[in-house]
Structures are given as structure tokens and as C-alpha cells.
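Notes for the one structure printed next.
To keep things simple, chains are lettered A, B, C and D as they appear, and every chain counts its residues starting from 1.
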Amino acid sequence: MDQLTLITFLPLVGALLVLLTPASQEKALRVIALVTTLVVAVLGVRLYLAFDGASESMQFAVDKDWFVLPSSAIAVHYKLGVDGLSILMVALTAVLMPTVILSTWGHIDKRVKEFMVWMLVMQTGMLGVFLATDLVLFYFFWEVSLIPLYFMVGIWGGERRLYATIKFFLYTMAGSLVMLVAVIALIYAFRTSDVTALLERASTLDAHKQAWLFAGFAIAFAIKVPLIPFHTWLADAHTEAPTSGSVVLAGVLLKMGTYGLLRFGIDMFPGAAIEHAPLFMALGAIGIVYGAFLAMAQTDVKRLVACSSVSHLGYVVLGLFALTRSGLSGSILQMVNHGISTGLLFLLIGMIYERRHTRALDQFGGLASTMPLFAFFFVFTVLSSAALPGLNGFVGEYLILLGAFQTSPLWAILGVLGVIFGAVYLLMATRRMLFGPVTHEENKHLSDLNVREVALMLPLVLLAVWIGVRPTPFLDQSRGSLDRLVRKIETARGAHSAALDPAPASNTEVIR
Amino acid sequence: MSGTWLLWFIPLLPLFGAAACGLIHFATLAARKKDPSASGPSALAPLVACGAMLGALGLSIAAFKQLAGLEVEHRVIESAVWPWIHVGSLHLDISMVVDPLSAVMLLVVTGIGFLIHVYSAGYMKGDPGYAKFFAYLNLFVFSMLMLVLSSSLIGLFVGWEGVGLCSYLLIGFWYEKGWPAEAGQKAFIFNRVGDASFLIGSFILIKLFGTLDLSDVNAAVAGVAADPSKAWWLTVAALCLFGGCTGKSAQIPLFTWLPDAMAGPTPVSALIHAATMVTAGVYLVVRLNPVFAFDPMVLTVIGTIGAFTALIGGTSAIFQRDIKKVLAYSTVSQLGYMFLGLGSGAFAAAIFHLVTHAFFKGLLFLGAGSVIHGMHDEQDMHKMGGLRRHMPKTFVTFLAGAAALSGLPLLSGYFSKDEILAHTFAHGGFYYVLWGIGLFTAAVTAFYTWRMVALTFFGKERFDHHHVHPHESPVVMWAPLAVLAVLSVFGGLLGLPPVFHVVHQLEHWLAPVTEPGRALLEAHGGVHELSHAVEWALLGLGAVIALVFAHLGFRRYVKGTESDDNVQRTQPALADFLVGAWKIDAQYYAKIVYPSKLVAFVTAVIVDQFAIDGLVNGAGGLATATGDRLKLMVDGSLKTYALWIGAGAVLLALLWMFV
Amino acid sequence: MNVPSEHLLVLAAGLFAIGVLGFLIRRNVIIVLMCIELMLNAANLTFLAASRQHSTAQVVNLDGAVFSIFVILVAACEAAVGLALIIALFRLKQTVESDALSEMKG
Amino acid sequence: MNPQDLLHLFDARALAAVAPLLALSAGLIVLLVAGVFRSLESLRGPIMVASLLVAGWFTATNFGAPPGSVIDGTYLADRASSAWGLLFVVATLLAWLFSQHYYSEAERPFQLEHDVLMLSTPIGMTLMAGAQNLIVFFIGLEILSIPLYALASFRRSRSRSVEAGLKYFLLGAFAAAFFLYGASLLYAATGTLQLQEIAKIGIHGPLALAGVALVMASLFFKVSVFPFHLWVPDVYQGSPTPVTALMATGTKAAAFAFLLNSMFMLPKSAALLVAAIALVTMALGNLGALAQTDVKRMLAYSGVAHAGTVLLVVAGTLAGDPEANGALHAALFYMGAYVFTAAGAFGLLALLERDGERFTSLDALKGLAQRRPVIAAALTLFMLSLGGIPATGGFLGKWMVFSSLVRAGLIWPAAIGALLSVVALGYYLRVVVAMYMQPIAERDAALARGPDSSAAAAIAAAVCAVFVLAMGVLPNLFLDRLI
């Protein structure tokens, strides 16, 4: 079997194995899930290493007939492939999952079997989204990956889990269904569902049609990212989700939105993307600040981190729609970075929640005295999230802001303000949790992190340092694809400015 | 050392030291878990940390020697390059570069850093976070060395933020008390504001030059003059970078974090908040002197901000009761001097003052630490007095530092400060105002310095003898004091003024670095020479003012605290205004911090939950409500159903017939 | 005597309308059933009239006539089932008013 | 009709064309005869199944064969009608399987009558789907409807069942009268009852248009779209659940089959009107379902919404879908998926009802996942398919329907339709929420596991689940063969 099929469906096989194991064998269930994800992680790393970042084309491509849409004789293929736009996300999805599964030891103690099934199904769905190079197949995985989280939040979530999960599902579904119409329209416009072919041809559509199709796709992705003002589902979903659900949601699921914007927004419709870029940059930049302000006002630390996601993903969108080389590179890297640092934050919050059964900031204070290891990891993660140079977050944010600055100094400056506000809410949370005297009796005898907890975070911590210190190999993975994309954007930009202004002004100099 | 990785070990040794100390810390914690009284391996920490510092110092001296052995035009040693961020054609690489400027900084950082490490071994003894402290301290030195040695602005920024982080961690070192953690947070956030500005500056540089390599940027500046739009951008870039300096080097408007930073252990104040980190801004301006000198307006802005910062800092120190607060405001004030010097185009003079300030302010802080240590953590000078009898060694060294700070003739501070004022004066025009401010501040400085000396070491012993037994500090603490005292006294030899007809060693040494900036200034007509007569006059004026006001300060306070009480009684508003540092911080809280919190609350509750989420939930609610209404259509009655069918059929017929 | 087809069509339309109105107005289910019969017969009448209208001397168009025979047949079946249902209703509720048929709604 | 045509009545192709009808009729007679003898009671099931399977097999053989028309072209067995025919057989089979062990002790003695009535419905449906003549359609309609009237009130001791039957009967007859009168007007205007002839002559003049309107009204009644759908919730809720399953799937499919055949009668300008009707239907169905607390009634409303969705393809065709068979393929696949999904869902409700009638309420489904995990999982699958989530047949059906609209340029109706399906997910999810995410009620916890499931129902549910999944994941199995 080919590599991509194997990596995509291995989790599903694991899910079936779990399904066949009696629910009472909790340990076995966990081990099966862990081993499956570990194997997938190894496969993911292997794929990552074998991937050629300089190449512009889809690699490891798989192409098999799937079915023929009747009446128009459009052949839908089972087609997978990976290129520079997706390789990092594939690797992240593969590598993050063992950590997630390992983290469930602490907080999933009922209906373990179902949980593992959903986790593994979700991994298949997510990998499918990033790997599918047939539009129908993509949409297929896109929606399938929603369902597991719906169950995870709904069954293992907190107090208002039903509200949160229904809101999450319906909201993202609303976007998806609008996208469905756009997907169909695009497929029938060219009578093919092959993404590579569509990427080549979609920009030949007339501008009006492109704009509409772009809007159809973009709205689904904007909800998923989530871009303001479509973000309100996120805080609820995060707050109510179990730790592992939050980690996956922040780590990978949201990236499906930004990845979609990149692949099916910018790459598919560069002309429309250029036209709408100011709007998206504005929403991204405003989102950065808006999310930060939201975070500042939160009293529940998990909700705070959820709001920070809005802010962080604002960076990604800002960078993407800067439509410059560094902005795009930074955004792709930042998707990974956000997965790592926000993932870590959720893990840490989960660990403290398991001990204290509360996430209210005022219930803590002085944890650094009682849980020094926890404090160390927390501060480390906060710094990674606040983009301290030398850690992962900085590289992404710097490139994003740099790219944005080249296109639109105004929105970049707003984004830079987010750097300040980001530090404000993160440090405020840190101080209120870790520092000061221990005021609550319950906090005096908390046990520090155990070996499992440290072990499951270590890979992410190391990755954060690695990316921070040596980002170029990671950036290089998308070099070829981004070269291609930037060329495409430049071509479209030429056409665009020619259409706007027959005699282009000479001083619109674009550096890099 | 050139082209090798060896230079990298100057910053990396302290980094390894930090990692090792961190492990020691956790090992200590583990040991303490089993036996709460155990100290574990924490005693190893100072050895490791000081060893790392010694190694870095040795390498620095070696690098310095090698550099000095080179011809003047080729005085640059560059290490192997670490390729950091490569995106498209943009290459942000870092290498370690030792040139005359970084060599000076290198020696200051490793030298004073080493002394303070040694001091800390005594000062922090017995603290539960002993090893952690050294880990942070080493980490700080690593960051500071990165800042100083980086070949690229981005590498400099790594250090720049790194020192900010360590400052945050060290200010909040005693986090259990609460307020140190808040002070640390404040420091970090204020620095972040500056850093944001710094980032924008770096974006513009990339936009203009496509590189952040410092020497490439410096070389490219001259080419910008031809293009007015580029020139405009370069000016903006310079201002943005200076914005970063105002954060890191505690200038208006971002200086208010520094006094609060005194919440940290005193060695931290000495190392980070006096000798090294806060001078990073000065270093940056000198490092990129062509960028800043490109537009004279930028220099004027820098000079003005420096002068006013000096004034505000100096005057705020006058009535402080906390000994460390006096020194903190004094630091703000002295940093203002340095920027005043930079603003006058006297890059070497600023570095000169930076060096001497590192000596004497480091000394004063360590001395204050010794006092605090001996007084069982008492920092209020009103509760001290007469300590010269109890801590003679501290007293003597402290005197040397105070004399240097107040600019008593022939001491290091005297020469460096006067050089700056002389350059300012030479500039003429608007700079006369700045010079006036500088001179006034010099008077204030002498006053508060000797007030501090008088209150602390002279007069009646105002402490409670039952609880406080002042004692001299151990040798590991006073030995560094002695070294620094010597340096404070003789540091002035590095840069004697031209009237002495000896070579200004430092200026000469730095000339290759400051030359491009000087050249640009000259092109603008911004370089002025003073006649010897004027120079003599200025030197004399400086000496007189220092002596007079030092005397005034000492006289007034040698008897006790009555003078403070008088002012407090007769001019409560003035005292309040000065103690509160012109109420600027209070204004920040009133105008920025609280409104931000309000905005955050309004955003979260009203905009987000009520308006945006209200729409979302409203859509759901609307659907349900509509469903409930529509249900009534299906009323269970046969006739209703039939009526709809009949009406529907008729409607269909009519529509198709007529539409 | 030859009644014009148009007259028959109008008559049928009238019958159909009466049937519909009866269905809508009357409450007794048996009468409602009879109204349906009336509507069916309106259709039958139209079929027969149209059948005659479309026939020529050479070709007889029997389709309408055939349809009406089927309709009569089906009407009988419907009546049988309908009356059975009405009996079931009466057994349960001792009434044949259509108001009794509104237990389920909403 | 020429006397010569009588000869063709019995040629091989014509026989093959009507073979499914003959098989079903024969089965019906055999069943009736066998029913006379108590000793043959155990044979009733096999006879039922066998006749359906044989009919299915005959239908399947009609696929590959060239279209066979019967009696002067009044009935046509072509690829499309055979595909529909298969669906009818499957729908009946599923409904019958779910009806095993459904009825109470008091009702069980009448199982024979139940089975006979049920077996006669596919005859009507098949006739409707293959009808090329209004008479044939009408006969088919009545062969389908009259047994259903009786089946609806089969539990005659329950007032709801009787109410459902009577309502269905009265309104059904009312609508049939509309059809007849419409047909008579059409006949008066065109002089023919043959669809092809009508197509040739065209719909001109008020008489013909009025006729079309009335015919369409009755078809809309059968497929249950606005404003002819109000009977659906009451009738579906009151009828025995397996019968509801049959009504929801078979009847609707048969009516759509004929609607697609006869939609040429609609004026092209009606595209937007039809789209509007479809969208309003979806809105009413979905919003109405949102307000329900009884799952069975909720599914009835959902059925209305699905009818609206399928009606969209008619709008697509009228608006000029460039693909000639686009509407047919979409409707076929959609209804195909719907047959398995809805039959499965109603069937599982029927299973649950054996614990008591209240078990169709949303409340009683709480915690079902713990009590009956397999049923809960299957019901979840069906809910997702009804919601049109990928990996289920419902998704591709929805895809094809919207494709038809998009091809025809009706983007806005497609987008509105898509958003209305979000509302639908709202209530499908509620079922899942109740089963998986809400704690089990105490009195239900005591039930632990209900009485043993009937094997027949289990098989039927499994078949439904497999097909729903297969249609979603491996649609080529169906698309390649059927179309």
C-alpha cells in the first residue's frame, strides 16, 4: 500500500481494533490507541523526511478511480498527495496525536472506548483533509473530521457541553454547506474535481465568478479558523471540550481553516484573493487585537487561551493575505507553532484542572511554589506563545508581520500591537496562576507533574526550541510550493493592476 | 577566532551554565521533597555559574587581545555563521562579531557580570531559589552577550528580548511576595511596547535594504540619500528603533518600569538595571550610528528625550527614602545623559559614560545591597544612619561610587559626564537648552547622591537596635566592591578630555565604529569643536557645581531626616510630585491601563457576548421560535389541511395561467 | 338533442366546486366522503364530455370513457375502505364528526 | 388500440416488462390462498419475501434490456423505472421486515391481512413509476393508496392509528379527485391521456394549464411539499411505524418517479416558483421538526423537508440543467439513499417502541447509547445520513441535487437550500445528543436491555446501515450500475 493511504487510514484501522476490544479492557484500549498513533507519528516523520521541499509538485501522489458522478461523467478520484503547503500540517497531525492520546490517561475515565474510537477517526479525517487532492475527497474528509469533535465535546465536555458542541457543529456546518455550493460550482465549471487541474485552471474564470467562488470557500474557512466575527463558537467549544479535544481542536482542526484559505482561497483564486486581501488582512489584524482584548477580560484560564487562539490565528490570516513570500512562509510555520504552543497550554491547563477541578484564575496563585515543574513548563509555553525570539512563535510572527508590513504597513502595525497585548494577557494569567502567595488551602498540597505528564509534553517542548533555533529546515519544506505560489500571485497581481489601472504607476515597488 | 565557532562560546558558556544551574535547581527541589531541610546540590550552582562567567571572560579578553593586535581598519573578528531564517531571498543569519564597540561591551558585561556573580554567591546564600538565581543570571549574561555580539539586528533582537525575559524572571524572583511578580510583568510589558516599535523599525530596514546585517545596513545608509521617499522611511526606521531603546533603556515615555524593577534581588539591580541591560539602547544607537545620524532631526529627538529623562530621573531621586529607589531614578537619569550624548552626536562619549556608569552604579547598587544585607533587608534610609561604623568596607567603597556618580572632579563620572555636556554645549542652538538641563541635573545628582550617603552612613543610628544588628558583609561580597571602587575612581583615565593633551583612549578605540556616523554628521555640519578656553571653563563649572551641591546635600542630611520632614510639611505637593516621578506612572494607569481593562471588559461582554454571539445565538433562537409558530399551521384539523390543498391548487393554477 | 360540450364542462366544474366546498364545510365524515364522490363524478363528466368532443366520425376517442369506468371502479373501492375506517372511528369515539380527528397536531 | 396490438401484449419483451408486476400479483394470490390454511402459516413469511425477491430479480433484468413498452406505450419498463422499481421492492421488504414482531398480541392475528396489503403496495408503486398514461398512473396510485389507508389505521384499537388512517384516506381521496379532475381537464384540452402525446401537443390554453395545476397539486400532495404537506406529521405519527417507513420511502419515491416523468408539463417559467415551493417546504419541514419532541413526528417533518430537497431538481430541470438526466439521477440517488436511511430510522424506532410507545419521544432516547449501543450507533448513522454528512449516502444525494441546481444557474436557491440543511442538522443532532450525551433517565436505566430484538428487524437495520455507508463511501457500486 502506498504511504499516504497507509498514514491516512491506519488510525481508522486502529479505531476498528478499539471497536473490537471489549469496553472493560480500558488499558488495552489505551495502549492500542497509543501504539496506533505512535506508528502514525513514525510514518509521518518518515514522510516528512522523505519529502523534497524544493519540488513544486505534489509528492507521493496516489491516484485511483473512485466513482463517476452521473450525468456529467465527471470522474471523481481517490487522489492523495502532499506538497509544501500541506507537509507541515500532515507532520504536525501525525506527531501531535500520541501526546494527545497520552494526555487522556489523566482525564478520560468514562467511556474510554468510544473516546479512543473518535480520536482515531478524527485523525484519519484530519490527515485526509490535508492530503486530499481531489475536491470531492477533500470535502468528504472536511466534514467527516467534524463529527468526532462533536462527540468529544458533547460526551466528555464540561457543564455547558451540549450548548457548546451544538453551536460548534452547526456553525462550522453552516460554513461548510455554503462551501459545498462553491465546490459544486467549481467542479462543474471545469468538469473535473482534480485539485491540481483546478489550481491550474481556476484563475481563468472571469473575475466576477472567481470572486463568488472565493467567497463561498472563504466563508467556510473563515468560520473554521475562526476569523472574527465568526469566532464565538471557539471559546465555548474550547472551554467545554476535554483537554485532549481542546488540544486537537487548537492544534490541528483550526488549521484546516487556514490551510483551506491557503489552498482553496489563495492558491485557487489568486485574483480574487488579491482583491479581497485588504479585507482579510484587516480582519486578521483586528482579530489579533480583538482576541487579545477578549483574552484580557477572561477569568477562566482555558477560555483565555481559547481567546488567544483567535488572536494567534489572526496572525496567520494576516500573513496569508499579505500575499508575500515571507508572510506565506511565516503563516505556514505559525500554523505549526500555534499547534505546539497552544496545544501545550491546553495540556497544562488540563493537568491543573485534573488536580484542582477548576480553571478560574482567582482560584490559583502561587502555584510556582507548590508545583515548580508545572511552573517551568507553563512559563516556557507562555513565552513560546508570546513569541520570544529563540522559541518557535517568534519566527512565524516575525515573518508574518514582516510580510504584512510589505503589503500594508497599517495592518502590520496593528498586528505588532498584538505582540504587546499578547504579552499582557499571557503574563497576567501567568502571574495570577503561578506567582504571589498561595492563598487557597487546596493549592498548598498539589502534586507536581508526574513522569507521564512531563514525557508527553517533552516532544512539543523540544520541537518549540528546535523550530525557534533552527527554523530554516522547516521553512524550506514549503520552498518549492511557495515559489510556485508567489509566481502565480505575481502574475495575477500584474493582471489585476493592469485591469485597475491601464498604466501602472512605477512607484508601486514590491520588495520581495 | 575568526570564522570559527569559538566566539560562539562566549555567549554559549553562560547558556550551558544556565542549563546546568536549572538542573541543579530541580535536583535540589527533588532532594528537598524528601528532606525539607536539605540543601541538595545547590551549593554547586555558584561554582558552575561563576565558572561559566570566568570562561566567557577569558574568551572575551582573548578576543579583545586579538582584536587589539589587528590593524585599525581591519579590527573585526567574525565567527562562523548560523543560518537562522531563510525565506525566499531574505536571509536572516547570525554570527558573532567582535569589533571595537562590541569588545568594550563584552568586557563590561563579562567583567562586571563575573563580579556580580561572585557577589551573588554571598548575597543570595540561603535563598531557596539559590540555584535558580544563578540559572537566571547566566541566562541573562547569555542574552546580553548575544545582544552585544550579534552581527545582525535580528540576532541582536534575540538578545534584546532575552535580556527582557531574564529581567522579568529576576525582578519577579521573589514571586511569593506578589508585588515583585507584578513589577516583573510591568517591566516585560513596557519593554514589549518598545520592542514592538523595534520590530517595525526592523521591517522598514528590510524593506529598504533587504537585510538586517548590521554592517550591511550601516554601509547602505549612504546610498539612501538620493531617494527622498526612502530617506523618509529611514528616518521613520530610526525613530522606531529608538522607540525600542526607550523601552529597554528606560527613557521617556517608557521609563517607569525601572524604579519598580528594584523589587528584584539587589545584584540583579546592579547587573541588569544599572550596568548592562539598560544600556542596550545606547549600544544599539552607537551600533547603528549611521542610521540615527542620517537625519539630524532624529538625533535632536534622541537628545531631547535624553535630557528630559535625565531631568525627571534626577529630580525624582531627590526625596526617595528607599535607597534602591534613589539609585534606580539615578540610573534613569544617567541613561538620559547617555542619550543626550548620543543626541549630540557624541557616540564615543556616550559609550564612555556607559562604561563608567557601569562601574560606579554597579558599585553603588552592590554597596546598597551590602547595606540592605547588613540591615536585614531594610531599604528605608530613614531607618538607617551611622552605618559607617558598622560596615567600614562597604562605606569606603560606597563613597568612591558616590563621588564618581556625583561627578566630583577627576573621578570617572566627572570626565564622562562633562564630555557629554561639552559636546552638547558645542552643538549650540537648541542644544543650549539641553545643556542647561544637563547641568541642572548634574547639580541635582550631586545633591541626592550625598543625601543618600549622609542618610545611610552618617548621623544618628535610627534603626531599632533590638532587632537590627548591622554587620559587615562577607568577603565574597566586599571584594567585588573593592574592584569596582578602583575602577570607579580610575575609570576616567579611559577618556581624558582634549585639554589634557592625551589621547582619548576610548574615542580612539571606537573611531572605526563611530566614523560613518561622524561622517554623516559632518556632512550635515553637525560637528563642532570647542576652544580650549571654553573647555576649561566647562570643566571648571562642572567641578564647582558638583562640589557645591554635594556639599549641600551632605550638610542638610548629615544630621538626620529633618530636612525631608520639612519639605514634606511645607511643600507636600512638590514632594509628592517628585517622589511619584512627576506622576507619569499614575497617568499611565489612569489613562491607559484602566481604560484598557475597561475596553477589554466591554469587548468581551458587550461586543462579543452580547452583540456578536447574540446574533449567533439569536439565529438559533429565531429558528426555534419560528418552528414553534409554524407548528400552529398544522392544527390537526382535516379542514385546514384540505383548505391548504384546495387553495394551493387554485394558486398554482392561477400562477401558471397568469404569470 | 345535443348538449354542447362547453355546457357539460361548466356543469362538471360546478359539481367539482360543490364537492370541494362540501368537503371543506361539512363535518360529518360520511358526507365528506360523498363530497369526494361528487368530485370524482365531476371528473367523470368531464372525461365523457371531452371524449365525445375529441371523437370524430372516423375515430372514436374512447380514452376518457375508459378512464371514467376505472374511476367508478376505484370510487367503489375507496368507499369500501372509507366506510370501514369510519366504522372504526365510530367504534372508538361514538361519533363520525371530523372534529374527532384532531388528536394529533403541532 | 388496434386488434393487432393485442398480439404484442404478450410478446416476450412486453412480458418481461410487466414480469415484476406479475410476480408480485402472483405472490399476492399465493399468499392469500396460503393464508386460508392455518397449517401453512409458517410459509407466509417466505412467500412474502420470495415474491418480493423474484419481483426484484425481474426488475433487475429489465435494467440491461432495451426499454419495453406495454399496451400501446401506456406502461414503460426502462432503466429509470426499473431502478425505481428496485427501490420499491426494497422499501416494501424493509418495511415488512421491521413489521415483524412489531404488532401487539391483539393485532397479531391480522398479520396475514397486513402482509397482503403491504405486498400490494409495490404493485401500485411500480405502475406509477412506469406509467406513461394518466389512467395507468391513476390505477397505480390507487393500488398503492387504498392498501395504505387500511394499513395506516391497522392498529384500529388505537385512536391515533384510526385518525391517521382516516385523515390519510380523506385527504388522499380529496387529492386523487384533484388529480382526476385535472386529468380530465388536460384530456379536454388535448384529447389524450398519453404523456408523450401531451408532450407533442404541448400545454396551451387555460384549460390545459388548470389541468396541469391540479395534477401537480395532487402529485405535490403525494410527495408532500408545501402547501400540500400538512397531513404528513399526523399520518406518519399515527400510523404503525413500519407503515410509516413504507409511506415515507416507497410512496414518496413513486410519486417523484411520476413527477419527473410528467414535469415536462410545467411551464419553463415555473422554475423559480418550483424552487420557491421547494425551499419553503424545506424551511417548513426543518423548522417544524425543530419544534418537535417526538422523534417519529420529527422524522415526519424531516420527510417533508427531504421532499422539498428533491423537488429542487425539478426546478433545476426547468431552469435548464444542461444535463438531460441530471434531475432523474439526482432524484434516484437521493431517494435511494433516503429509502435506506428513513426506513432504517423508522425501523429502529419501531424496534424501540416495543419497550413502550413513549420510546419514540426524545426524552426516552436519553442515554440510549448505554442501554442499547448498537441501536444508538445505527440511529446515529441514519441521522447523519439524513443530515447529509459525508461517508453516508445522504451526502452524495444532496450533492447531486445541488449540482443540478448549480448547473442550471440557480446558485441562490442552492445556497439557501444548503443553509436550510443546517437547520436540519440542528434536530438530527438532538437525537444524537439525547442518545449519547444526556444521562439515562432512572426508570429507563432499570430497563437495562429491552426484549430481544427481532432477527428480521436486526437484519433489516443492518442492511440499511450497510447500504447507507456503501452509498456514501463506495458510490461507484451504485452509480456505475444504476445509471
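Just so we're on the same page, a contact is a pair of C-beta atoms (placed from the backbone, for glycine too) under 8 Å apart; a residue touches a chain by one contact, two chains touch by 3 or more.
No experiment lies behind these values; they were computed from the predicted model shown.
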Higher C-beta contact count, B-D or B-C? B-D
Averaged-CA centre spacing for the pair subunit D and subunit B, given as whole angstrom: 78
Centroid spacing, where centroids are CA-atom means, of subunit B and subunit C in whole angstrom: 98
Would you kindly tell me how far, in whole Å, the mean C-alpha position of subunit D lies from that of subunit A? 43
Distance from the mean Cα position of subunit C to that of subunit A, given in whole angstrom: 65
Please list all residues of subunit A that touch 2 or more other chains. 170
Name the residues of subunit B that each touch 2 or more other chains. 620, 631, 634, 636, 638, 642
Listed in rising order, subunit C residues that touch 2 or more other chains are 23, 32, 98, 101-106
Those chain pairs meeting the touch criterion are A-B, A-D, B-C, B-D, C-D
List the residues on subunit B that touch subunit D in their complex, please. 620, 623-624, 626-628, 630-631, 633-634, 636, 638, 640-642, 644-645, 647-650, 652-653, 655-657, 659
Seen from subunit C, its contact residues with subunit B in the complex are 20, 23-24, 32, 98-99, 101-106
Contacting residues of subunit A [partner subunit B, same complex]: 167, 170-171, 228-229, 231-233, 290, 293-294, 296-298, 307, 325-326, 329-330, 366, 368-369, 372-373, 376, 379, 383, 388-390, 394-395, 398-399, 401-402, 405-406, 409, 412-413, 416-417, 419-420, 423-424, 427-428, 430-431, 434-438, 470-472, 475-476, 482-483, 486, 507, 511-512
Residue ranges of subunit D touching subunit B (in the complex, touch as defined): 167, 170-171, 174-175, 178, 206, 209-210, 212-214, 216-217, 220-221, 226-228, 230-231, 233-234, 266-267, 269-270, 273, 284, 286-291, 423, 426
Applying the document's contact rule, which stretches of subunit C touch subunit D when the two form their complex? 5, 9, 12, 16, 19, 23, 29, 32-33, 36, 39-40, 42-44, 46-47, 49-51, 53-54, 61, 63-64, 66-67, 70-71, 74, 77-78, 81-82, 84-86, 88-89, 91-93, 98, 100-106
